[in-house]
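Structures for review follow.
First chain A sits with chain B, and in the next complex the same chain sits with chain C.
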Partner chain A sequence: MAEADESNKPLFAGLADVSISEDIPVEGQITVPVGPPAQDDEYSTLDEPVKDTILRDLKAVGKKFVHVMYPKKSSALLRDWDLWGPLLLCVTLALMLQGGAADKKDDGGPQFAEVFVIIWFGSVVITLNSKLLGGTISFFQSLCVLGYCILPLTVAMIICRLVLLGGTGTVSFIVRLIMVVASFSWSTFASTAFLADSQPPNRKALVVYPIFLFYFVIGWMVLTFSPSPTAGP
Partner chain B sequence: TLCASVPQGSGSAVIDMENMDDTSGSSFEDMGEMHQRMKEEEEVAAEAAATEEDTDYGEFLGMKGIKGQLGRQVADEVWQAGKRQASKAFNLYANIDILRPYFDVEPIQVRNRLIESLIPVRMINFPQKIAGELYGPLMLVFTLVAILLHGMKTSGTVIREGTLMGTAIGTCFGYWLGVSSFIFFLAYLCNAQITMLQMLSLLGYGLFSHCVVLFVTYNVHFHSLFYILWLVIGGLSTLRMVAALISRTVGQTPRLILCGTLATLHMLFLLYLHFTYHKIVEGILDTLEGPNVPPIQRVARDLPDVATHLMNNTAQYIEVH
Partner chain C sequence: MASADDLHDFPEFDAENLNLLAASSREATAISIENPNNKPKKQRRVTGATQKEDDDDLLGNGDSDKTELLVGQKKSAPFWTFEYYQTFFDVDTNQVLDRIKGSIVPWPGKNFVRLYIRSNPDLYGPFWICATLVFAIAISGNISKFLAHFGKPSKHYVPEFHKVTIAATAIYSYAWLVPLALWGFLLWRNTKVMNIVSYSFLEIVCVYGYSLFVYIPAAVLWIIPNEPVRWISIVVAMCLSGSVLVLTFWPAVRDDHHRIAIATMSTIVAFHVLLAVGCKEYFFDAQDTTQTPETVASLTGNKTLPTAKAS
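Presenting the complex of A and B:
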């Protein structure tokens, strides 16, 4: 009875002042009516033309590309993570690594699914590793960063293919080697700039090593790509 | 018992007076209780309604249907309940915190353990300490995968069924997990004092020798160099693992079985990794441009040639001076 009074006090306030001694537990639920949520915003993004949605997403992806190419310690990549960019880069890289062997039977190049699996499986493993080592970054944020930092290697792949159009001699190999090494270091450096902050300071090396290995394997795939089976490194 | 019905369009409720225990008689307390019960019934009914057909949703909830305040509350509660269930299930099955203590290492510890894996310890009367950690072994397995890929590429291996990467990962992880389990099973049979984690850790660190040997010999193609490295570095790492196991086993026969098996598998794996990708390159290069890498049978003939050549030169030198 007293409990009912207490919870209904606002309605019947002024009628009587009933006080409860402190050792009687007062329980019950006071449900506060939820204010109207921003429903208008949801409807407006559903109703907008598709072109606007795509352009907005592309702009966000483009902004993150810029962040990767000039890695400063900004949290933009982490705050609004998305997986469109990594997907785009992954598919581009896998497609470009495809046009390899002219003779399909002797296919020594990576299959499309192989590249896909390496990139995503590798990212998942690195993320789990950094979480297990005590990292404070979330799963998808880490996937996002690792995926976006493949951008330098994709650029290197494009340039390698252009160089290979000119010939496959030693000079072209050295040029490609320098390109790949440079972009692989850039990728590793960029992703550590984003990821290392979330680790305790004395364990940074433990987190950086798998990232180094991951980009090394991708860089290796880019470097050993050859347009015909007889010309290899 | 309370029976309540929420008729369409109105917010009233019928309350069974049976439950009205004796109040002091003052009217406002009754009113308060009635009001409280009305609110609770509304919520209960609304929740019950939320789990029923969606077609009747709007009518059941009375005020303004799904867009109304009550509708939103209900939707919110359903969402919360669902989220709670999902996160409970997730925390139960996908809890990586189970593995967290095995990754609790410092870089300097990893480095020390890598070096120690090549240094056999002679104390076998007292159980040797084996670190139970998984970071080092896991990184070594991945490094071995990367080195294998490099070896496969430079040897021009052609994989018919499956992919290069799949083969490499399958080989390395299969060896690490499979041989660990097998030796653990043997250890169980031989009454050795070792846990699965320690076995995984021991064998994983033993892969360091494989990584080193393969890294060197995939780039420098000398068969004799490989054999020397195989014996020295592979042997050291095997001795370390064997000593650790012996220190934890009692009895001659169990020790022999366990350590013999481990040594054989460890050394044979290194041999296998080296030669699988070399046979192919000999075949291809022979047909294309002439052998850059001398095939196995030629080494045996070359070495005596080199030796006689050297001897002749030395003899000539001695004659001259």
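Presenting the complex of A and C:
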């Protein structure tokens, strides 16, 4: 051992001359486990056709849509959160709420930016609220769930626009009212099903109420949408 | 604790070290004094015994001891951490409901802050009550306008969305700026006159936030296009929440000069009235209600004409 030290010390500067004394048996096996090269490492997503990339994300988004429409306590929505779905829904809803003709001065409907801000700012405020009350859900998971649960209201908006094509009388109003009330309760119920478990039990109502208010306001915007009159000054 | 005299026994301590140690022992003495935040609250509790007994009965002696102990430990997180803000949301559902109930029912002996808030002011109530009120006023205003023009094909219905932003600005500034001004004013008067009761800024915000709750059902009632109904509901709402505010702040100003106390109270009530009447006048046009009987008459025919002529 001392010999090894002696031989190593002066040779430390030039490591090329390091030699091990023959008294010390050195044995063993050095093998590098070389498995088959993993396909993912070789095949990065840069090389795949664009169609595959888009379809993979679209399929993930679609699967989450199905989870929202049939809400049961599954954690898939929470585990693989993404914000593509909420963005898609938000843009669709905001575009469809732009019904008024551009030349109408007193079009009081919500502007695109207003809808966008309400949805995103509202989601952020509700997420902060639930975290401040002691919720264990993460920030983006909560944003994801709240955004995806706008889907019933977007579907209601599409149907409302179709109904409005038929006329703006009382019958159409009642039909739209029923649609909006049903989809608003569906949204609230779906998001509560996903989010309720992460809250402390004696504060559940405190967390659910802002979600109720949020979807109520969006439902109100959907219900009060009125297209520009086809004839008139 | 080593005093400066003991240090003379040790020859290695020269003058420099002596001074340093003396200074640190002074600092050590400073640290041993209890948290100065506890002082005014303890004062309040001790002198509270000399006030009317119903205050003490309502506080409940055991609970007040606990809350005094907890106060020092509560807001210890530095303000840049998330935990600091979590202390403002440390309420349960039944606590929030109790506070809302307390803001509607003014009881002459009970102080809203003492009874319900009890050194646990929360920001949940004020924030979400204001948000609900903003949307309630905007939506009710929209509905009342729609009902007023119902049946008139010439007027195209538009949802006036910009009113939401105006309502939000008005209500949130009332709920935050008026408490700020009141708190500053009370602080200033506190230096002049030794007041027994002093409220923290958050407690005042809490009181104002919860006092706005009664306007939410009032805003819903304003949909009815009947002018007397609107005025009755607004007067009832103003009386209820105004009296809660007056009962809360009267102990804080009653030791002041008589005129200043009266002036403060009337300013508080005046702002409250101003908010309610301002919202009503801006969002709910009075002329819509006078047109409605004629509209109804034109729709339903001769039967209602006599009543329209009579009104």
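Throughout what follows, the second predicted complex is superposed on the first by the 182 of 233 C-alpha atoms of A that agree within 3 Å, B and C clash if a C-alpha of one lies under 4 Å from a C-alpha of the other, contacts with A are read in each partner's own complex, and residues count from 1 in each chain.
Keep in mind that, in the parts below, a contact is a pair of C-beta atoms (placed from the backbone, for glycine too) under 8 Å apart; a residue touches a chain by one contact, two chains touch by 3 or more.
The structure displayed is predicted, hence computed values, not measured ones.
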| item | value |
| --- | --- |
| Contacts of A:Ala182 with chain B and chain C, given as first, second, both or neither | neither |
| First (chain B), second (chain C), both or neither touched by A:Val117 | first |
| Contacts of A:Leu55 with chain B and chain C, given as first, second, both or neither | neither |
| In the superposition, chain B vs chain C on chain A residues touched | B |
| Chain B versus chain C as contact partner of A:Ser226, first or second or both or neither | second |
| Which superposed partner A:Val66 touches (first chain B, second chain C, both, neither) | neither |
| First (chain B), second (chain C), both or neither touched by A:Thr31 | first |
| Which superposed partner A:Asn129 touches (first chain B, second chain C, both, neither) | both |
| Shared chain A surface residues [contacts with chain B and with chain C] | 106-108, 110-111, 114, 129, 131-134, 202-203, 205-206, 209-210, 213, 216-217, 220, 224, 232 |
| In the complex, chain B residues that touch chain A | 23-24, 28-29, 31-33, 35-36, 39, 43, 69, 72-73, 76, 96, 99-100, 103, 105-107, 110, 135, 138-139, 142-143, 146, 149-150, 153-154, 156-158, 163-166, 288 |
| Residues of chain A touching chain C in the complex | 100, 106-111, 114, 129, 131-134, 202-206, 209-210, 213, 216-217, 220-221, 224-226, 229, 232 |
| Footprint of chain A on chain C - complex, ascending | 82, 85-86, 88-89, 91-94, 96, 124, 128, 131-132, 135, 139, 142, 156-162 |
| Chain B contact footprint on chain A (complex, rising order) | 1, 4-5, 7-8, 11-12, 15-16, 28, 31, 33-34, 36-37, 106-108, 110-111, 113-114, 117-118, 125, 128-129, 131-134, 202-203, 205-206, 209-210, 213, 216-217, 220, 224, 230, 232-233 |
